[in-house]
Amino acid sequence: MEKFLFLLSAFLLVWGLRLQSDPASASKGNKFAALGMLIAIFSAVIMPLENSKSNLIWIIIPLSVSATLGYIIAKKIEMTSMPQMVSIFNGLGGLSAVLLSFTEINKWIIFPDAYEIIVVVVLLSSLFIGSVAFTGSLLAFAKLDGYKWSEKLTLPFQHIINIVFIFMILVCSYLFISSSDVTYLYLIIFLSFVYGIFFVAPIGGADMPVVISLLNSFTGITAALTGIIFGNIVMLLGGILVGAAGTILTLLMCNAMNRSLLNVIIGGFSSSGPSNENKEQGDIKEISDSDFAVQLFYSNKVIIVPGYGLAVAQAQKLCKEIQESLEANDVEVKYAIHPVAGRMPGHMNVLLAEADVDYSKLIELDQANEEFKSTDVAVIIGANDVVNPDAIDDSSSPLYGMPILKVWESISTVVLKRSMSAGYAGVQNPLFFKKNNKMYFGDAKESLQRLSSELKNL
Amino acid sequence: MQFGFLKDNEPRVSITPSTLEKFISLGHKVSIEKNAGILSGFSDSRYNNAKFYSRKELIKNSNVILSVNSSSFGMLNDYKGKVLISNFSVDQNREELKKEIKKNKILAYDLSMIPRTTIAQSMDILSSMAGLSGYKAIIKAAELLPKIFPMTITAAGSIKPVKVVVIGAGVAGLQAIATAKRLGAIVEASDPRQAAKEEVLSLGAKFIEVDGAVEDKTAGGYAVKQSKEYLEKQKEEVSKRLVQADVVITTAQVFGSKSPVLISKDIVEKMNSGTVIIDLASSTGGNCELTEDSKIVDYNGIKIVGNSYLASELSYDASNLFSNNVYNFINYIIKDNEFIHDDDDILKNCKI
Amino acid sequence: MNEILSFLIDNEILIYLLLFTILLGFEVISKVPSVLHTPLMSGANAISGIVILGAIILIRTTETDNYFTLILASIALFVGSINVFGGFFVTNRMLEMFNKKKKG
Amino acid sequence: MQFGFLKDNEPRVSITPSTLEKFISLGHKVSIEKNAGILSGFSDSRYNNAKFYSRKELIKNSNVILSVNSSSFGMLNDYKGKVLISNFSVDQNREELKKEIKKNKILAYDLSMIPRTTIAQSMDILSSMAGLSGYKAIIKAAELLPKIFPMTITAAGSIKPVKVVVIGAGVAGLQAIATAKRLGAIVEASDPRQAAKEEVLSLGAKFIEVDGAVEDKTAGGYAVKQSKEYLEKQKEEVSKRLVQADVVITTAQVFGSKSPVLISKDIVEKMNSGTVIIDLASSTGGNCELTEDSKIVDYNGIKIVGNSYLASELSYDASNLFSNNVYNFINYIIKDNEFIHDDDDILKNCKI
Amino acid sequence: MEKFLFLLSAFLLVWGLRLQSDPASASKGNKFAALGMLIAIFSAVIMPLENSKSNLIWIIIPLSVSATLGYIIAKKIEMTSMPQMVSIFNGLGGLSAVLLSFTEINKWIIFPDAYEIIVVVVLLSSLFIGSVAFTGSLLAFAKLDGYKWSEKLTLPFQHIINIVFIFMILVCSYLFISSSDVTYLYLIIFLSFVYGIFFVAPIGGADMPVVISLLNSFTGITAALTGIIFGNIVMLLGGILVGAAGTILTLLMCNAMNRSLLNVIIGGFSSSGPSNENKEQGDIKEISDSDFAVQLFYSNKVIIVPGYGLAVAQAQKLCKEIQESLEANDVEVKYAIHPVAGRMPGHMNVLLAEADVDYSKLIELDQANEEFKSTDVAVIIGANDVVNPDAIDDSSSPLYGMPILKVWESISTVVLKRSMSAGYAGVQNPLFFKKNNKMYFGDAKESLQRLSSELKNL
Amino acid sequence: MNEILSFLIDNEILIYLLLFTILLGFEVISKVPSVLHTPLMSGANAISGIVILGAIILIRTTETDNYFTLILASIALFVGSINVFGGFFVTNRMLEMFNKKKKG
């Protein structure tokens, strides 16, 4: 019976994870996985064991308290602090593995015959990896949450120190196994904790998600190792699964950020991205193809603000294509036409007429400014001056006083242009640095092509 | 065979330098009246290997004589025993014409009577000229209208797109629709033929639905006369659009009878000042009550252009197409330097 | 070393299973759009809390008076299951936004 | 403040019913000369809440007087102590004008001097009118051309697309490009400004490359006078296209000087009969040597239309845009019923 | 050692299959899988066996002969008969399983103690499934290759007969196991063979690929069953893998054809499809989305012939889109404009200008008729009269004498229209029944949409 | 029935392995574009020829004079390996055309 339940739970875990890799079924997938986990827990509680004791109370209480706690935390936490939360959770998972290995190793110290050496080796590995995951995750949390002290810090000769640490841990392990002396055990734990910190310390806050994912796959591996010890196949498989999936995920995340994993771990955070150019004005955020596509896809209302850049790129047909594929998914799409967008009166009209955009989809300045308030995403394609908030805010701007499309009143904005360079009026645009704005760089024709194929893949 | 091409009493000409070449390469002899092509941009020097004559000489030296319009022939007495090929549809009195032709032993082919079958299309002057007229109708309307066609949002305010109503979606009507759409107008069209709806939609315009049209499949593409009730209903539906329209193009013709009056005076009175009506059916009475053929009527600021001959304003293209039609026709009816037998469908139709 | 080798040979099927599980883990994730990266990480993290099964088994097989082990194992269970429950709940919240609209 | 709008000596009017409403809602008093809007389609009855006067009464009753063209004012003596707002660019002799204005204690604003900055664009009458002219230039060319614009493959032969060359890709030129493209023409354009190339390409037309243009970024969007060599080179490159063109639109103007002659007589002589040249720069001398302002010259079958006032043929839309420009200007210079101080950039430019 | 090799081969099989599911790596994937298979064969030959005899000659000869044969067949076969070949191969695989099971069962008959009953059950299942796969595949081959006798034939009460057959096979199996009487064994084999034929017989030729895929997954399952008998884990895993993958593939193929699997198997091929209407004039062949896309994608020159239908569907923009994506892959695309295509002079010009097709891409009748000779695919979109060969061949046709686009002179033609109905002139078009013509039915807008997304997936 | 049940219980890991293999089979194929359907079918078909391993093992364990079995098994091996070799070669040819042109 419980074997069947375990099998079922293994299936649910795999299937759940699988469903989670598609936006349409992700939520269901998570529920599947959770159900699988519940079944596994239940089975572990009821499964017949050789010398089972009735320590149920020791199980029920921690389980129920943590379940409630987990629920409350998840309810209360702000959307923006989710990654931090995941990081903490992961640390706790690591800690749990550490505690378990520690207890088991203690068993071995007391009854050296209880386990073969290989088991002890496995236990020590689990202890080491779990510890690294634990302290690493906590530091990652601190970095994500923006604690000053946690900012990127590199010791001189970091790599050498790391290698020395690993070496010391190996030596202690050898000594411990041959001597069964607990001191060595404590030393191993301590060194592992410190190593976890060293591991994460030099990596910049922006790379934290990658690190967390990596540490997460570490935790998976400890779970698998512990599974071997306890002879529980679901633990083993679940652990391996997470270990493998976590590794791939880590690589994918690196990919999406255009960095290599090695780069993240060794290099710390040094180079690149147009993001660094305009630091004085604040930070800009880029949006990835798929994030952009999903964001549009799951919107109710999108307003496109075309500008001169759309004409330069001659991307009007692609724009129409995107409009149509969004509309096919019940997204309301409109075009906000600023009176001076482009380089001649009515430039945008000529452009959109060429792409055969229905007149009824075009809205003028005043109406647009009404509608932005109820808009999920305003997509600014090659426009600049006509969406420059300085026209309202900054009386020294050459644009001051010109009526402007207040795109920033929509929930979020995405600006498509090739670089950070200015528009006709030659002034920088503070919109690009606003909190709810993302940039999508590239020639509009290419950008929209990418977006369009991404949308079709959804 | 010796072909003679007249100088018409209008800008078009029935032969162009490029068709001339084709005639020559078939071994025909071609004479042309002096300055025949000048108004279409073809000076005599551009015609190679043709002889140029005065009218009198031309008639003497040719056995087949061609022109764009039969009215260019003048007195038929002058053409005794000749073969005449032209568009005779402008001649109002058909019976009279027939008698005259018989009397002078003339063999006359009326190119406006080419049947509207797929295979005859390359000789069909009505089609080719109607296409040009449809285009020109919109250009003329745009020239006369105090507004621009496309929607335009500018710093100095927004301009709404012009509303165009096309009545009669035949060849001319469809071309007008296409051209108006190109310029950015909002276009609606009306026609009693069932196929017309799909055709109008195929150009991206809207179709004004009216129930109860009479259809006659045997009429070979021509519309038949409609019932009184239908015409009433149509008038009502269309009128709703007319009073808001900026440009109205009418092309509604019914073969062999006066064109239906679809825009009465009282509707015109409800239209906005500045509106332009181009009535391509004016030669057969016009679709608007106020139309006067070949005139521009200004009625309370509404301009009503009655003109069925717009193609001749596009003399260069029109001459090219017309002369190709003529060439294709000649090529069809003359085999081995002989006119083919008359039991041919197309010939039967054209011969007067 | 020999131990490990013989372990491997003895557990032939297990090795296949591990290999296939790893492949499955790779395969399942390999085509995920980047918007799902964070929720997926969170979901996978919750699953890694499976380690608590070990804690449960440990507790159930420990003498009722071995408080040292019981307490340690209980703590392990407690922190581990925060990972599990918190993880699933948090993931769920993240994923809710995808439910807003079904695919057209 | 009391605003008076004159009836102009052309179809446009400087106030329309909809701008009138805006004036009223701001609390201004508005008087209009009788029948001022009639030629733009706005009969007096369509203006609500305005007073109608004869010219004399109007001047007496208003302190700010507006018109489309300064030439409509007549003698400036009649406007002693008033504020005049209009387009004074038609007045040829600027110095004379300044004296006259000073003498009569007139405060005059020339709307044609609005600087070409982004923020002033809503008052910029040159822009708004140029856009309309560009459109109309193509429509007029299409009306005069004996060809149709789009490529057309028919049973009666194929028609090649018309070739349009646009010289000067400013506001008017760009609009002409857009309109010609819409009608299906093949369009090439030339302009010495560097930005113009990208702008031309952004409309899907081709740009005629000429090296060595002089650029002056401080000229605020206006082209500066070009070197002799450049003009030569440009002439040569452009001429190659001109002799094959069917339609030529010229808009090349240089602020404050005579427009450059870009099409000499000998080039015109090489052009095909039937070609149409629309010279929008004719009021400042024209870009074609044969241009005569406000006339259509027929030179060997080539029609040269010299007309810088095409916008006024689109009187309805033009009046709407113009009156919006005027309103935006008034709204800008009058705060709390007072004219604002003169250290403003825009005012400095406009005040005569 | 051989255990490791088996593990490696299992990995290669899985990984190879995985790589095959992406066009970019498919070819590599096949090589991986082949390598895996070679390693597996090699290992099976060298692996230590309890009572191994040196019958190597019995192995080497069939192996080498079949390898050569397989190579030659694969070299010689025409591209178009590939599906037939797969079908035959699959049948042979099934036959192989049948033979093996049969021999093993014979062992049991002779030494009843050699196997437990459950093993015999497994063997019988393998025998049954293998037999069905064998005869089913052969019939599928015949159908695909167009043998007249093999055309769709349904017995009355097909379903009932099928059920009776299954029942009889079960009864025989029971009798066989309890009596060990070989007669029953032969009976089972015979019944299974017949059942295989019954299974495939009522299904139409168009559905054959689905059937082959299904039979293929059957073969996979027999391989797995045989794997259990021979205690070889790679056989087991490989079989299961193919079984599972084959099943999914079958479903995907059904999906792609817009049919349900049940529909294919039970329904036979009863309903729908305009294909049956015009039998008198000859046979028309439909082309599938992906075949169409691939054919265009790998062409050098494509000429599009637009007609009135393209205008009716208002699909000109999509047409342009397809032109562009083909051009992006170095396919030369032109449009052949017939002078009377459409319903007004210059209709096609208006249409294509709206889609902004460059004038230089349009070719006229005479030039087009020159160019078809060097054209890979002529795509006729909603045109009919203007490509009607009767205008040349049939003097009684109302179109006789009209100059026509001789599309059939290109290597192949595809006609896009909604049905088999006639065009303006009201006459049927013999082009549709030509050998090198395929039909692609549907409203042009929808058809081109499908085609376009298929092209983007390539 | 009981036999089967005990078989299942005895081979716990094997069952997991089968389950995961099936999942892997599904997963590997689930996102394949339809152009690859035929080559993939062909490739999978070649793999299903794995049944010849059975024939090889059978031959190797059969007495050298048991011609009945040897012949049958050899035929099985022969037809099966036509499936294998022919299958891979044919698939290879089908897939070659995808190599002709790289994606734009």
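Should a chain be cited, it is by its letter among A, B, C, D, E and F, assigned in written order, with residues numbered from 1 in that chain.
Quick note on the criterion: contacts are C-beta pairs under 8 Å (C-beta built on N, C-alpha and C of every residue); 3 or more make two chains touch, one makes a residue touch a chain.
Note that the structure is predicted; figures quoted are calculated from it, not measured.
Undergrad: What is the set of chains touching both chain B and chain D?
TA: Under the touch definition, chain B and chain D have A, E as mutual neighbours.
Undergrad: If we define chain centres by averaging CA atoms, which chain lands farthest from chain C? Would you check?
TA: The chain lying farthest from chain C is B.
Undergrad: Give a one-word verdict, same or different, on whether chain A and chain E use largely identical residue numbers at their interface, taking over half shared as same.
TA: On the two sides of the chain E and chain A interface, the residue numbers are mostly the same, over half being shared.
Undergrad: Based on the averaged CA atom positions, which chain is farthest from chain E?
TA: Measuring from the centre of chain E, the most distant chain centre belongs to D.
Undergrad: Any idea how many Å lie between the Cα centroids of chain E and chain F?
TA: A distance of 19 Å separates the two centres.
Undergrad: Could you give the separation in Å between the centres of chain A and chain F, each centre being the mean of its C-alpha atoms?
TA: Result: the chain centres lie 40 Å from each other.
Undergrad: Tell me, which residues of chain C touch at least two other chains?
TA: Expected reply: 13, 16-17, 20-21, 23-24, 27-28, 31.
Undergrad: For chain E, give me the residues that contact two or more of the other chains.
TA: 14, 18, 237, 339-340, 345-346, 350, 353-354, 356
Undergrad: Which chain D residues reach two or more other chains?
TA: As it turns out, chain D has residues touching two or more other chains at 121-122, 127-128, 131, 150, 152, 154-157, 159, 182, 184, 204.
Undergrad: Tell me, which pairs of chains are in touch?
TA: All touching pairs, sorted by chain label, are A-B, A-C, A-D, A-E, A-F, B-D, B-E, C-E, C-F, D-E, E-F.
Undergrad: Taking the touch rule as given, give the residues of chain B at its contact with chain D in the complex, in rising order.
TA: That would be residues 11, 40-41, 43, 121-122, 124-125, 127-128, 131-132, 135-136, 139-140, 142-143, 145-148, 150, 152, 154-157, 159, 179, 182-184, 272-274, 301, 313-318, 320-322, 324-325, 328 of chain B.
Undergrad: In their complex, what parts of chain B are in touch with chain E?
TA: 117-119, 121-122, 127-128, 131, 134, 171, 174-175, 178, 181-182, 195, 198-199, 201-204
Undergrad: Tell me, which parts of chain C touch chain E in their complex?
TA: The contact residues of chain C facing chain E are 9, 12-13, 15-16, 19-20, 23, 27.
Undergrad: Using the touch definition from the top, list the residues of chain A that touch chain B in their complex.
TA: So the residues of chain A touching chain B come out as 337-340, 345-346, 348-350, 353, 356, 359, 362, 364.
Undergrad: Chain A touches which residues of chain E in the complex?
TA: It is residues 317, 320-321, 354, 356, 453, 456 of chain E that touch chain A.
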